[in-house]
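Structures incoming, each one as structure tokens.
Common to both upcoming complexes is chain A, partnered first by chain B, then by chain C.
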Partner chain A sequence: MGDSQYSFSLTTFSPSGKLVQIEHALTAVGSGQTSLGIKAANGVVIATEKKLPSILVDETSVQKIQILTPNIGVVYSGMGPDSRVLVRKSRKQAEQYQRLYKETIPVTQLVRETAAVMQEFTQSGGVRPFGVSLLVAGFDDKGPQLYQVDPSGSYFSWKASAMGKNVSNAKAFLEKRYTDDMELDDAVHTAILTLKEGVLTPAEIEDYLQEVE
Partner chain B sequence: MGMKGNGSNHECSRERVKGEEEAAAELLLCREPIRIMSKGEVDYVHARGGFSFDSCRRNEMLLNKGLKPSSFLKTGTTIVGLIFQDGVILGADTRATEGPIVADKNCEKIHYMAPNIYCCGAGTAADTEAVTDTISSHLKLHRYHTARESRVVTALTLLKSHLFRYQGHVSAALVLGGVDVTGPHLHTIYPHGSTDSLPFATMGSGSLAAMAVFESKYHEGLSRDEGVKLVCEAICSGIFNDLGSGSNVDICVITKGQKEYLRNHLLPNPRTYISSKGYSFSKKT
Partner chain C sequence: MSRGSGGGYDRHITIFSPEGRLFQVEYAFKAVKAAGVTSIGDKLLDPTSVTHLFPITKFLGLLATGTTADARTLVQQARNEAAEFRFKYGYEMPVDVLAKWIADKSQVYTQHAYMRPLGVVSMVLGLDDEFGPRLFKCDPAGHFFGHKATSAGLKEQEAINFLEKKMKNDPSFSYEETVQTAISALQSVLQEDFKATEIEVGVVREGNPVFRVLSTEEIDEHLTAISERD
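What follows is the complex of A and B.
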């Protein structure tokens, strides 16, 4: 295909109708640390593995899960520095919304605005898309909500989702263990198990499950 | 009272609070940063033109032609603050005036800035509200980024920079107080952007009455109850002796890790004239 000829410029469509840069951005996300989120009946949990490049790194200085408002949090998969920019912009947007409407920003609104920012960077000159996918977890008057925002700017609401490495394994595991009426504690438990999936062998997981249950 | 710098500057700003605002004849076309209320921008961006002083010229021309300026809601006010042994106490009256009319008998003059910082405002009510809201937002974002409690000097610097940028046209005279990691702090901020750091402070049209009480009764190491009592006395002095202040007393006590917002702590002016039987007027009266 002539796709490779169109893979360098973001603002040019390839003949197959794709923006190849965005595909590459999704690849960058796919090679990032696993992160996942689960929506329970009375809350949402997001989790990620804090894998540091060496034991010498001060782990207290690394914060992968960030707070956007007192009731909305976010975790990412992909390039950390890109996520910092998005977190900063989202916080500011949430605050501006609050200032204007004297109402705490609903989760859907914040997700929409963040996605709009990500989309801007796919249609402007001289910039590249963000190399992160975000999992936004929040609790507002519509209850617990979990959204995934991709580098293209599209967003989806999930009951449970995973991003980054080992996505297929993690999602299969979540599909098996997810129930609609899960409590928050169960959700936390499931999240940890799903993360461990990628790290431990099946035998070790069996041992752990027996220990816990 | 801390009289740093030019004494006449202080006079100027007190006038602003008590009487009518003089038309500003300066024409400043400055390139100053304003915050853009739309998506995308993270930092301040220089807008073309900045604050436009064109209307000031037009207003002056209209005044010369004899047009009376529209009056705006001012808080001819008594606001005070003092530092006691565990922290800071702020106090304010609750009357908002529009010229000779009382527009709001029970307005809130003690504004929230941060969980550990509160600010009393005198001057044009809209200005004090807007400026404290804006800086409060700023401080909140700063707290998220730094994961630390806000400091009083941060609020102070943000407020004074804002007021200086508007060259005194934002008519807000503030008493800022709070307790942070470095201890209790109390500051006064004048509409042109100058600040003082004091153990006890008063602002507004009733400031002289309140200051008289402080000067005679304040001493270091006050306990909480003594401090609250002194602040009430000072505000009451303003309420009873100044026309621009009245109604009730609001108090805010801030200590390390805790704050108490005592809305309408004292009601020295209750309504006593409502007849429960109602009034009857015979026809043709």
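What follows is the complex of A and C.
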């Protein structure tokens, strides 16, 4: 990393064996705007809240969901500026893979490399962990895939997941409505409903569902 | 068991607090507010040397709110970066690219312990080939957004409230109306009528994309128009 005056890690073990800086990073993620992802039979959807601090902000200048390659996208919960660093590094890694192997990078490889970067920042000298969790959605030879990467650098594949505020409600809602044979349109519909969970009351949601079904 | 406040260092360098906050970044925001409005009443001070409005290139301007020293460092680096961009890519650096560059640099300071965040909020303005006039605001945390109108500094919330009211129905202002809205916002928030020598105004406009600082005469004209209107 080269922060030579700080040749010691800022993330160190507590007596109980925890890496407290990572836990704090997860807290920062947990207070970020909700985002979620759902893997359908024929695709993946990721979605997020886009609450802007004022009506004066030009909403067209803000894009939280970013493209990493033509077939891989990413959304984050947590600190926006940190996510830009990861997006930039991931895009570069995807490009380097493409130059070397003359093939588009598989989703798992890109996730692994991004996670490795996040892990580096929990161990290198003079830096703090990233204050974001990422949901990476991609479609390659192995079909649709959804991965969640945490500030620690650990990653898991999910059928559906949520991050940020209200995550327990969102996950409970997703568990109820998820089916393995969901189509992409259903998944998009469910994603939007789940985000609205935080805004509408349960009664209003029931009404809406009855109308639709 | 949680270890409390990270050994006390979470206030000194940019590591996370137990609540997931970065205190150094929050303190940088406070420094922006504490810098205050510069008084130009001092007889021994050369008033032309006191400025917060900096041309970065012929077509890009930057208004720096906060610690003047930090602002000058940022401006110096931004000027260098914009010049390199023009040399490397053969066209002028667009507003959003500069804003992103400033924001990404600020993000690095929030993540690496060896540099503190800068106590500056920058507003970058310019005329984009595709999108027309653009205004971006960058803060010490590394956030940057495009704005229809915005404010920074000690009374920024009052100014933003004033501007929100004016911009609520998405009006399209003419050049004169835009300048006068900006000056009125300052007047209303600081609750004083100032002389033309006490404020700085910088503009870009369609048809004349060069970033220009208005002269005292031009500011006077606008001030007169405002008082006649009211």
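By our rule, the second predicted complex is superposed on the first by the 202 of 213 C-alpha atoms of A that agree within 3 Å, B and C clash if a C-alpha of one lies under 4 Å from a C-alpha of the other, contacts with A are read in each partner's own complex, and residues count from 1 in each chain.
Note that contacts are C-beta pairs under 8 Å (C-beta built on N, C-alpha and C of every residue); 3 or more make two chains touch, one makes a residue touch a chain.
These numbers were taken from a predicted model, which means no experiment stands behind them.
Peer 1: According to the stated criteria, A:G73 is in contact with first (chain B), second (chain C), both, or neither; which is it?
Peer 2: neither
Peer 1: With the two structures laid over each other on chain A, which partner does A:K89 touch: chain B (first), chain C (second), both, or neither?
Peer 2: First partner only.
Peer 1: Which partner chains sit in contact with A:L26 here, chain B, chain C, both or neither? Use first/second/both/neither.
Peer 2: second
Peer 1: Should A:R99 be classified as contacting the first partner (chain B), the second (chain C), both, or neither?
Peer 2: First partner only.
Peer 1: Considering only the touch criterion stated at the top, classify A:S14 as touching first (chain B), second (chain C), both, or neither.
Peer 2: second
Peer 1: Under the stated touch criterion, which partner chain does A:G164 make contact with: chain B (first), chain C (second), both, or neither?
Peer 2: After superposition on chain A, A:G164 lies in contact with neither partner.
Peer 1: Please name the chain, chain B or chain C, that touches the greater number of residues in chain A.
Peer 2: C
Peer 1: Identify the partner contact of A:G37: answer first if only chain B is touched, second if only chain C is, both if each is, neither if none is.
Peer 2: After superposition on chain A, A:G37 lies in contact with neither partner.
Peer 1: On the A-aligned overlay, A:E120 touches which partner chain: chain B = first, chain C = second, or both, or neither?
Peer 2: A:E120 sits against chain B, while chain C stays out of touch.
Peer 1: With the two structures laid over each other on chain A, which partner does A:V62 touch: chain B (first), chain C (second), both, or neither?
Peer 2: In the superposed model, A:V62 contacts chain C only, not chain B.
Peer 1: Which chain A residues lie in the overlap of the chain B contact set and the chain C contact set?
Peer 2: Shared contact residues on chain A (touching chain B in one complex, chain C in the other): 85, 88.
Peer 1: Touching chain C in the complex: which residues of chain A?
Peer 2: 3, 5-6, 10-11, 14-16, 18, 20-21, 23-31, 52-58, 60-62, 79-82, 84-85, 88, 121, 126-131
Peer 1: Once bound in the complex, which stretches of chain A touch chain B?
Peer 2: Interface residues on chain A, with respect to chain B: 67-68, 85, 88-89, 91-93, 95-96, 98-100, 113, 116-117, 120.
Peer 1: In their shared complex, at which residues does chain B touch chain A?
Peer 2: By the definition above, chain B touches chain A via 37, 39-40, 42, 133-134, 137, 140-141, 144-145.
Peer 1: Taking the touch rule as given, give the residues of chain C at its contact with chain A in the complex, in rising order.
Peer 2: 1-3, 6, 9, 13-22, 96, 100, 103-104, 106-108, 110-114, 136, 141-143, 145-150, 160, 163-164, 167-168
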